[in-house]
Structure formats: structure tokens, C-alpha cells
Amino acid sequence: MDFFQILALIVPAAIVSAAPLILTGLGGVLSERSGVVNIGLEGLMMFGAFVGAIFTHYGEQWGLGAGSPWMSFVVAIVAGALFAVPHAVASISFKADQVVSGVALNFLAAGLSIFLTKKLFGAGQTPDIQERIGKGDVPLLSKIPVIGDLFFSNAYSTSFVAVFLAFVVWYIIYKTPFGLRLRSVGEHPMAADTMGINVIKTRYISVIMGGAFAGLGGAIYVASIAGNFTGSTISGQGFMALAAMIFGKWHPLGAMGAALFFGLAQSLSITGEQIPLLKDIPDVYLLILPYVLTILALAGFVGRADAPKASGQPYEKGKR
Amino acid sequence: MEYVIEMRNIRKEFPGIVANDNVTLQVKKGEIHALLGENGAGKSTLMNVLFGLYQPEQGEIYVKGKPISITDPNVANRLGIGMVHQHFMLVENFTVTENIILGKEITTGGRVDLKKAAKEVKALSDRYGLSVDPNAKIENISVGMQQRVEILKTLYRGAEILIFDEPTAVLTPQEIHELMEIMKKLVAEGKSIILITHKLKEIMEACDRCTVIRRGRGIGTVDVAETNPDKLAAMMVGREVNFKVDKTKASPKQTVLKIEGLVVEDARKVPAVDGLNLEIKAGEILGIAGVDGNGQTELLEAITGLRKAVKGTVELNGKNITNHKPRRVTEAGLGHIPQDRHKHGLVLDFSIGTNMVLQTYYQQPYSKHKILKFPAIYDKANQLIKEFDVRTPSEHTLARALSGGNQQKAIIAREVDRSPDFLIAAQPTRGLDVGAIEFIHSKLIQERDKGKAVLLLSFELDEVMNVSDRIAVIYEGKIVAIVDPKETTEQELGLLMAGGKKQKAGDRSESR
Amino acid sequence: GKDDGGGSNADGKKDAFKVAMVTDTGGVDDKSFNQSAWEGLQKFGKDNDLKKGTGFKYLQSTSASDYAPNLNSLVRENYKLVYGIGFLMQQDIQKVAKQQPKAQLALVDSVVPEKNVASITFKEHEGSFLVGLIAGMQTKSNKVGFVGGVDSELIKKFENGFKAGVKTANPKAEIFVQYAGDFNKAEKGQAIANTFYGKGADIIYHAAGGTGKGVFTEAKNRSKNGEKVWVIGVDRDQHEEGMPEDVTLTSMVKRVDKAVEEVSKQTMDGKFPGGKTVEFGLDEDGVGIAPHKDNVSKDALAKVDEYKKKIQNGDITVPKTDKEYKTFESNMKK
Amino acid sequence: MNLVKGRLFHILVPVVSVLLGLLIGGIIMLVSNYNPVSAYAALIDGIFGNGYNLGETIRAASPLILSGLAVAFAFRTGLFNIGVEGQLLVGWLASVYVGIHFDLPKVIHLPFAILAGAAAGALWGVIPGILKAKFKVHEVITTIMMNYIALYATNGIIRAYMLAPGERTKDIKESASLASPWLQQITEFSRLHYGIVVAILAAVIMWFILWKTTTGYELRAVGFNQHASQYAGINVSKNIVLAMAISGAFAGAAGTMEGLGTYQYMTINNAFTGVGFDGIAVSLLGANGSVGIIIAALLFGGLKIGSLTMQSAAGVPTELVGIVIALIIFFVASSYLIRWLTNRFTKGGKI
């Protein structure tokens, strides 16, 4: 295979596997920028995947046809938002250890989603969905010589949604009053409070929005890749999204970049086996490649990533 | 007549402490009203109540005659009450403008319009002569400018009543003077000001009336015109106080600490200590006077081994200890009462008992073969707790639960008990009441008289002048003068601290 | 004690025949061998009117460490025959067999040399050979692919049988092979399929469980965009998975259900094949191509029948391992 | 009086949380029309019902104790070790390797194998430790990455060098095995092995290091306040690395429970064992204390084993136990507020 052929294989695949990570990563950014650590992304994503799977299925039953997955996305967004509430209540109102409450969320998602699946379908997995998000060429753009083939040919519409939303979140956080307040709450809640900003409310909104994004990420994973939901559908993607967020230095576009980086490393490690010069490398090396690269990147050129100053600390009025 | 602000019989409790007990405060329109009291008297608490940060257990608040319950800062802002907090409330990595407009953003099309906002900030700062750089990040500007940002925050919200909580603690006399001018300008514009301070001169200079609080109780309100510093002091403390610390003349002996050509860089790799020379002799207390941010912190960190020196040498008892690890410096005979007791001085989540051996836990008798010997540890702790009158229920109490004064006493006990040849006392009385202050001063002098060398760093000029035998003035990382406290005045010191010549405050440290 | 387990069981009769199985983490609805094993057990149960839950039942394992307790509790509940589904249970079956000499156990997909264990294996290579023939006949690009779950002895049987079949039908066909290193990573399956199709393959045979889902996803996507690509399913008839785009060419079915039913019968009739290895191949219809044949061309089917006979008469032996495949290939050359 | 209140709380919070968790679990069963009573009856029976279940419960608890200790030790020193899972895998592999490839008398071989596992885990923990100490890299992200590297690396090594039929390594030599025919006898052939002794020993060791040695004093000081530690001449970087090493060693030891005890070999794992993540729950419920962790591990081990009987006898999906565990964590975590308050002003609340 010539180099370009390889690119044409790797890049689209990278974008495909990146989309769910991007969205979930964005969820993490929203939550942590407001000062609430969110280890629960995995669970939120899992619950979103579960909801996405069953509602795409129902959508098909209700005759929504190709609209089914999109309907399921909407439900997954709501479900993700709701599922984030326990984490918000525990870590914002009850001042629980945010990491721990996030871990609890993961346990809850794992248990609840399968339990409900068994309850609903009497099976350990949801039925296969028929109406997948299909790949397609973007009308004009795909005609652009090189870039067209790489980025706009047989690509998922959801991938573009993800990238688009990354910019939306960036705009919200850095350009709107709400964003300014969100960041101030994550950096110096007391200061925000003295400026009349409702810290608790702002954090609730951010965490819940974060849940919505993670939920969408999970649903898109099902609709574009997995095709149904089982206990192992979401196995670690949430943690990778968390990594992407930190890697991206809590910046929406940074998180997107990191997610794409993971996707690239991932698909390189798979396509690699078909690339002459990489063929002979034992595939273990290709399998661990993405994770090693991440660590190197963090230790090396990315360097120290500074979390929002107040992240992980519950806010209490008048505490010095 | 009607008051712009009237707080009647306010009571505010914290777990274990009654911070405000039946306090009444009445502020007239267009006056500068001083709020005077020892540290911990309850001034900040009272103001936080007025600003809606705390809810009082008892009492009413009237604004312009109307009874109001101020449930949160929003309400206060709407009522035209603004507060410049004792510990600045600024988001470090935001710009000046972002900090000012936060919560009351200027938008065009739902989008924060920083350009427009910056213009407004500029206009505002010009109008009141509060020079700031609207686009600078807070973490990169001087304390003086940060304070001006705090003031602008309140003005931007159209505050009519401004509260200043200990604004002068961190300023040079010159800066203080300018601040007073600004305040006068503000009242001239019809605004009313509440000024918290411990410094009687400031009250005499700028204020119209003064309310005094002691141990959370309101003592009374006086017209500044009809009183004098001694009367105020008596009201504040409840007894006659002599501001002079009584001590015999020092009899300095051999040099204990010798610093030559020391260069230390701060976090931003800028030399904060820049070719500094200094000698301290046994049996003397050397005070360091200077405006915060002129390299004091870096100097102490370099001596104690917490920060690398780039150039120069530090000798303790003739031994070169430059860039030695903290423990080796300590073992070479250093005692260190750190600036920030909560950050460096104590492990707040350890018991006060275990904190007492923070420097010695690895030595006999507190441990043997790496096994801790708790009986020995707690015996020592109890001995120190008695000796230094540390008010704590038991040696097992978490250090966190102690009041600042007692936390500080514990630290001093720990450091002095090792009877080091050289003792660093950095702001040893910060946040403490006069009782504790007198106690600590006497301890320092005791050490001196035992023939130890003591280095005192303080931002309170009175303290420096009263306690030290010699005063070294530090400015931009150098010792610019060494003066005898008996032959100098605060004015002179102030000038030296500002670099010898009078200059517009703010410009000073923008360059940093 | 062990007896009251029997005494207190629903239909009272102490020596009522009871049969049960332990699934691996997949569960009885994994659309794979666990499921068809359970189907077999259910049919057997119905035919001999046993009650579900007392006469016949299954236990699902949530992790590998559950195999032993599950097997054990079934044995102590006096089930006369207990199946372990999947070679992963080999070790635990062996332990239990040693500890409980009275127990009668059966293991699917692997061999345990104990006289109270019946080992059930399949000639997957033979079935894979047949679908290989079909692939070889129907590929337009002369390029086909094989996606394996985890590189292992068992999956190798699929790979080599398939390759042999392809080469037999179409010597000049090129075969891409890749293992995902995982039975549950759909996106990997998809990425591999993407690579294969991208390199021009038009038929992919997967033996990769959940990872195989990704292969179907990719095939569906491409056929939506007008590409004509196929997937060959595994274990069960995966026609459904291919719908609505209808990308399933055929499937290599492995009749675990038949095997389970068969062995259960023998055991009930007191002919428990303990210590033996019961192997199900083409003869026993243990393996073969799916009943759903719409997408398979006439002459491909003819070819399949032709070679099915040859294999049954022993005219050719299908290779299981890489080594056997090498020799098979070299023999073809001559 | 306050002291009593503080102490009481320490016990009360987890107990109440467990009860609430089970209660809500019961409600969930009711609404999804299962019978909670028979379900919990089955659960109890599945834990204590007979020697076998009891044996399996203890067997399942052993690695949980160790992974709980690993998480707790890191917590105590201000670190969050999500990497227990990976450290466990490398520990498992190392112990099995030693178990297979050495020929020694049991008195040497078994301890050697266990220590090898612990050492491997420690090494796996040290890497994130160094990255945090030297490059300020967030340990949460590095430990997550290290988990995946461990998963694929161990599988790769087994496949390349140690593969035996059945997707696993050969069995370890008897001389390196924790298994005990006697223990199996008295528990009706459960897989109960001497690992529980190792686990309890480890719990004692953790307690001793943390509370009785100068090392523990330094580790905890660094965990609470790095600045004060530095001021007191404690080497912060060294202690961060050390903390991760010790934590990793416990995790590695957890791996040896599987390798030398439960399985006697290592399989090629298609997914994480989950024991590492359960460790977080265990350490939390055990309030990061040695005794608490042992109790919590026995509880979770029991719930997991019992859930199997719950499935077979009452037909309730095993996942319900997962939900109950999640609820328990939520309750414990949320009651931190109250505990924090009592601690803060408890006169005489020990460090």
C-alpha cells in the first residue's frame, strides 16, 4: 500500500473512533472547569450507550426509521443529564469526595444498565439496531483533492456533530457570560460568590450539562460503531475521554485534539498490521502504542497540566 | 438623622466562637467610618454579615433607614454596598477586566465584549485615579494594583457604600497616603466608606468617626476629632497599652549568619533577591522592613533551603549552608517560624501533639530504629503546651481546630524549644491578638538575651521598630539601608522601603 | 449434605434426571455458542418434559472466577449432568471432576481427560472450509479477509479451514488475516474490516464474537453507499445481523445445540460418554453452512456439496493448524 | 463526649450506608417484581449457607482486601491510585512466572513468588509516582494508561512466551501454590487458599507502616501538606514515589492471590478483572483503615459470591449486587460532610 492509501485508511477510522471520546471529553471539561472532578464519565457514557441502544430499537418499533438513532440521541442527552444528578448532589450539596462519588456513578451505571437490559429484554444485551448512523461523503467537500478523501469521504455525520459541538463548548466557556462565571467558579468560588454568582447553581448546571454530553457520546458510540448494548460495549472509553480531557488541558479544543490523537494512534495500531514496514512488529507494541504515546506526551512536550484551582474542593460559604 | 448603614445588635457565632456579640454600627452618608479592633475582634465577620456572606444569628440591618435582610452579596451589590476584602477575591488567571465585570458582564449579542468592557474600566480608573492595566492577568500584577482592582470592582457596580477590610496591611506609607487621598475623593463624590484597620494613625489622618470592637463586643463610637491614639488604643484593648516593647539594650557578639551576594529567582525566573548582603550577630534581633514582594519570601526560602540560590553564599556559624537541604540547615542550628502558619508551619490534619515533633520526629527519643515512640512524643508535647500556654483541649486535638494565636504559639514553642543559634521569625504575630503579640515579642527577646541571633520579618512597621535592635530595609531584592530604630522615623523607613525616592505607587512593581 | 439437595428438589423423585449448564460471561443470549447450547438444553427439556429451573437450567458467570462456584453449586444441587460452555472452563471442570468423582460433567470446545467428564469438540475447520469455498467462488476482487477474535488454537481452526477452502476454490485469491486481540471490541472489528475492504477485499469471514459486530457495521455502511461487500457469519446463522442491507453471504454454523441435546440423551439413557471426546463434524451435521442460502450462488452450493462428500469420504483432510495448512497448500501446488 | 460521637460516627456511617444500600436494593427488586425477601434469603445462604459458599466468600475477599489496602494506602498519602487493576495484572503474571520457572523448596518458593508479584506491582506503581513527582503529571491519567499497558502487555507476554492450551499459562509448581487441600476439604472443595492469611498480614503491615513508623509519619505528612513537609525537611518527591511503590506492592500481592491461590495459572484476560476497581469501594467503605478494609472486603466478597446463589435460587440478576454496592459508596461518600464536621471540631479526634 502506498502512503496515501494508508492515510486514507487511517484518518477516517481515527475520526470515527474519536467522535464518542470528543463528546464525553467535552462533558468532562464542562464539569471540571466548574470545579467538579468527574471520574464518572465512564458510567455516564455507559448509561448513554444503554439508553441510545434501547431507544433506537424502540424508535424502529415506532416506525421512526432512519430518525430512530437521532431520536435516541435526544433521549440519551436527557438521560445523561439526569444520571449526572446523583454525582452533582453528592459532590456539590453533600460535599462528598468528588472522585469517590464519580467512581460510585461508574458502579451504578454498570449495574443498572445491565439490570434494566435483562429486565426489558430478558437478555444480557439489547437487540441489534437496524438503523445505524451511516457513513457518507460530504457533498462538495469530498471532491476536494487530498483533504476530501481524508476527511470528508465515508465519514459519519456524527463525527462532524462532535467536532462542531467542541467549538460550541469552546464558545460557551470562553465567550459567554455563563462561561466566564463557570470558569471563575472553578478557579476561585469564594471570589465568584462575592460577585454575586451562585456557585452551587453554576456547578449543578455544569455537571449536568457534562452528563448530557457524555450520554450523547455513549449513544453515538452505539449508533455508529457497536450496534447494540452489552455489558462490555463501554469498557474504558470513558476513562480514555477523561485522559483526553486532561491531555487537552481542560480546554474543549484541546480535548478534541487529544481524542483525535487517541483515535489516530488507535487506528494506526490496527491498520499498522497491514502496513508492510510495521507488519513484523509484534502486535502487542501496536496495542499499547496509544497509551504509551499519551504518557510520553504528558511527561514530555505537553508537560504539566494545571487543573482548575478549585477542582475537587467542595465549596462552603465562609470557610477560609 | 438617618444613616446610610445601620447595623443593630448583630450577633454572629462560629463553632466554638462568638465572633460578633450584640454589635451596633451606624454610618452617616459621606463619612469615612473607621472600624477598629484587635485581630480576631470580629471586624471582618461584621462586614461579611453586612455584605451578605454570613447570616447573623441576631440583629437588624437598615440601609438608608429601610430594614433589609442581606441574604447574599447580590443583595448587597444591589443596595450599593461594595467590599474590598482582606484576602483579595480575585481570580488569578483572569485579566483585570474579566475580574471587574465578572457577574455583571458587558455583552453584545450574548457574547462577552471585552473590548468595550476594557474601555469602561479604563474610564472608571481614570475618573478615580486608580491606575490599572485592564488587560494584565492578576497573577502578574503588584499587590497594590490588585487592591485597586478590588476597589474598581465595587465602583463598577456603582457602590455607594464601600467597605475596606485592612487595605493598608500590605502597602507602603506612601501607598497608604495615596489610598487615603482616593478615599477622600470618593467621599467627596458622596460615597460613604467603612475602613477596617488596626493602625491608629490612619484613623486620625483620614476618618471622621470610629467604632471600636473588642472580643466581638461593640465598645462604642467616637468622633475622631475629639479623641487621640491613646484613648482609641485603650478602648480597643480595654487597658492602657504602652506601644514600646520594654527590653534591655542588645549586646551583639560573633556573627551567626553571613549572606554574601545572594541571588534568588522567583517562580517566574526573575531575580527576586538580587545580590543581597547581610550579617546577623548573636544576641541581636535584626528586623527586615520592606514592602511585600521585594524578595523577603525568596530570601527566607533561600536561607532555609526551600529555594535554590542562583549565586552567592549563606554561612551559618561559619559553615556554608548555601543550597543545603532544609533538614541539614535545620540541623546546622536554624529555627524557623514561617510566614504562613497554615501552609508551612503545621500539618493541620495532624494532632497538635504530633505537630510538636515535626522537626525532630526522626530523632531519639521520639523514634528509635524508625519506630515512633508516642509516649515520648506526647510527653514533650504536653511540656511545651504548658510552657508556652497553648490553649488546646488536649495534645490529641487536630491543629486545625486551634485558633491562629494558639497555632502560632505551638509553632514558636516547637522552634524555640530546639534552642537554635539562629531563629527566623516571619510575621510571627500575624492574625493574633495583643495578648499573644506581647507574649511572642517577649519570647523573641528572651532568645536574643540567651545569645541567639534573631531575624524578624514583618510588614507591621511598629512591630519592626519596637522589637528590632537593627533594621535592614529591603527593596527590589537588595538591602538598601541598615538603620537604628531609635534614630529613624516611619516616614524615613517608608521612603527607604519605596526605593529612597517618592514615586507613583503601582509603577514600582508593574515591572516585576 | 449432598442428599437433601436431591430430596428437597421440586418433583420429589430422588433420581429424577436433571441437567444444567454454566455459561461463560457471554450469557445465554450472546447470539453465539452459549445461546445455541441453551437452545439445545431447552429442546431436550421440552422433549422430556422437565421443568425449567428444577429439571433443567443455566447459571451465568459474571467473571471467570464464577465458573467454579457455578459448576460446583449445580453439582451439589444434584444435577446429573452439568455442562461447562467454552474452553475457558476447562481448568475448573477438571478441578470439580477430581473433587467430585460422582459428578457427571461435560465440556464444550475443549478436552478434559477425566473419566467423569465428556469432552465435546467440533470440526470448525471443516465448516470453515465450506464457507471458504463459497468465498473463493463468489469473490469478484479475488481478495477475501479473515478476522479472528483472539489468536488461539481454537480460532486457528477457523482460519486455516477457511483459507484452505478459499484456495481450493480459487487458487489465485489473496487472503488477508488479522486478529483483534479481543472478542468484545466492535470498533476494532470495524477498523480491521475498514482496512480489508479498503484494500479491495469484498468478503470477510469473522470468528470474533462481539468484535465481529464491527465487521457487520462496516459492511453495512459500505453497502449503503453502493459498495457490494459481504460478511460471512460464524457459530449461528447471522443472516439477521446482516439486515436490512443484507450483507451476510452465509454463516458457518456450529450446532452446539445438537451436541448438547445428543450428549444429554445419551446420559439420560445411562450411556454417559465420560472420559471420551465426542467430536461433531460434517458427518454428524455438527458443523456446516447456514440454512439461509439466498445469497449463495448455485455453483458455489454445488461445490460445497461436492467437497462435503470428499471430506466425509476422507478424500481430503482439512487443515487445523498453520503447519497442516502449509502442507495442504504445498500439496495443492502439485 | 465529643470523642464518643466521633468514634461512633466512624462505625455508624458505613453500617447505615450498607443498610440503606440493601434497603434501596430491595425496593428496586420490588418495583421490578422480584421478591426481595427470598432474594436476600438466597443471598445470605449464598454467603454463609454452607462451607463451600463460606470458603468462596473468604477466597473472593482475599484479593479485595489487598486491592483495598492498595487504594487506601495511596489515599492516606494524598494520592489516588486508579492503577490497582494494572498493578494487579503484572503482579499476577510475575508471581505465576516465578511459580512456573523456578524449582525451590516451598518455604522459599512461595514467599519468593509472592514477593515477585508485589515487586512487579510496586514497579508498575513507581512509574506514575515518578511522573507525578518529577513532571507533575496527574497520577489519575497515568495510572489509567498504565492499566491498559498492563492488560495488553501481560497478554502479549503470555501468548509469546508462556502459552499453554486453553489461552493461559502452564500451572505453577505445587511448591509455589497457596492452595491447601485441607482448607478445600473443610469447605467442601471451595477454592479457599492461604491467601487470606497473606491479606490479613498485609493489613497489619499497612497499619504498622502508616501509624508506627517514621516513614508512615512522613508519608502522611506529605499527603496532608507538601509545603509543611518540605519545610520540615521531608523529601516530598521521594515519599510520593515510595507511596505509589507500596500501594503498587499491595496491588501486586492481590494479583498473587489469583495466580498462586485461586487459579494457579494466569489466563489471557480479555478485560480487566474488576478487582482493582472494587478496591476503591472497599477502601472507602473501610474508611481507609486496616480493620475496616478487611470487613468491607469480606462484605463485598460475600455479596459477589452470594449474588450467584441469588441468581440461581431467586432468579435475580447478579447485577443487582453491583447496584447495591454503588449505592453504598454514594452514601458513605456523601456522609463525609458530617464526618468531616465532627472530626474538625472533635476535641481529641486522633490524627
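As written, the chain order gives the labels A, B, C and D, with residue 1 at the start of each chain.
Everything that follows uses one rule, which is that a contact is a pair of C-beta atoms (placed from the backbone, for glycine too) under 8 Å apart; a residue touches a chain by one contact, two chains touch by 3 or more.
From a predicted model like this one, the values you see are computed outputs, not experimental measurements.
Trainee: Across the interfaces A-B and A-C, which one involves more C-beta pairs in contact?
Mentor: A-C
Trainee: Hey, how far is the Cα centre of chain A from the one of chain B, in Å?
Mentor: Chain centres of chain A and chain B, defined by C-alpha means, are spaced 46 Å apart.
Trainee: Would you kindly tell me how far, in whole Å, the mean C-alpha position of chain C lies from that of chain B?
Mentor: The separation of the two C-alpha centroids amounts to 77 Å.
Trainee: Taking the mean of the CA coordinates per chain, how far is chain A from chain C in Å?
Mentor: Result: the chain centres lie 35 Å from each other.
Trainee: When the centre of a chain is set as the mean of its C-alpha atoms, what distance in Å lies between chain B and chain D?
Mentor: Those two chain centres are 47 Å apart.
Trainee: Of all residues in chain A, which are in touch with two or more distinct other chains?
Mentor: Residues 232, 235, 283, 287 of chain A touch two or more partner chains.
Trainee: At which residue positions does chain D touch at least two other chains?
Mentor: 152, 155, 271, 319
Trainee: Which residues does chain B have that touch at least 2 chains other than itself?
Mentor: none
Trainee: Would you mind giving me the full set of chain pairs in touch?
Mentor: Pairwise, the chains that meet the contact rule are A-B, A-C, A-D, B-D, C-D.
Trainee: Hey, which residues of chain D end up touching chain C in the complex?
Mentor: Spelled out, the residues of chain D in touch with chain C are 50, 52-53, 56, 60, 152, 155, 159, 165-168, 184, 188-191, 258, 262-263, 265, 267-268, 270-271, 273-274, 305, 307-309, 311-312, 315, 318-319.
Trainee: Which part of chain A faces chain B closely enough to touch in the complex?
Mentor: It comes out as residues 175-177, 179-181, 183-184, 187-188, 190-197, 309, 317-318, 320.
Trainee: Which residues of chain A touch chain D in their complex?
Mentor: For this pair, the touching residues of chain A are 39, 86, 89-90, 94-97, 99-101, 103-108, 110-112, 114-115, 118-119, 232, 235-236, 239-240, 242-243, 246-247, 282-284, 287-288, 290-292, 294-295, 298-299, 303-305, 307, 314.
Trainee: Sort out for me which residues of chain D touch chain A in the complex.
Mentor: Touching chain A from chain D are residues 28, 32, 80, 82, 131, 135-138, 140-142, 144-146, 148-149, 152-153, 155-157, 160, 271-272, 277, 280-281, 284, 317, 319-327, 329-330, 332-337, 340.
Trainee: Taking the complex as given, what residues does chain B use to touch chain D?
Mentor: 15-16, 304, 306, 325-328, 330, 336, 338, 343-351, 354, 358-359, 361-362, 367, 370-372, 393-394, 396-398, 400-401
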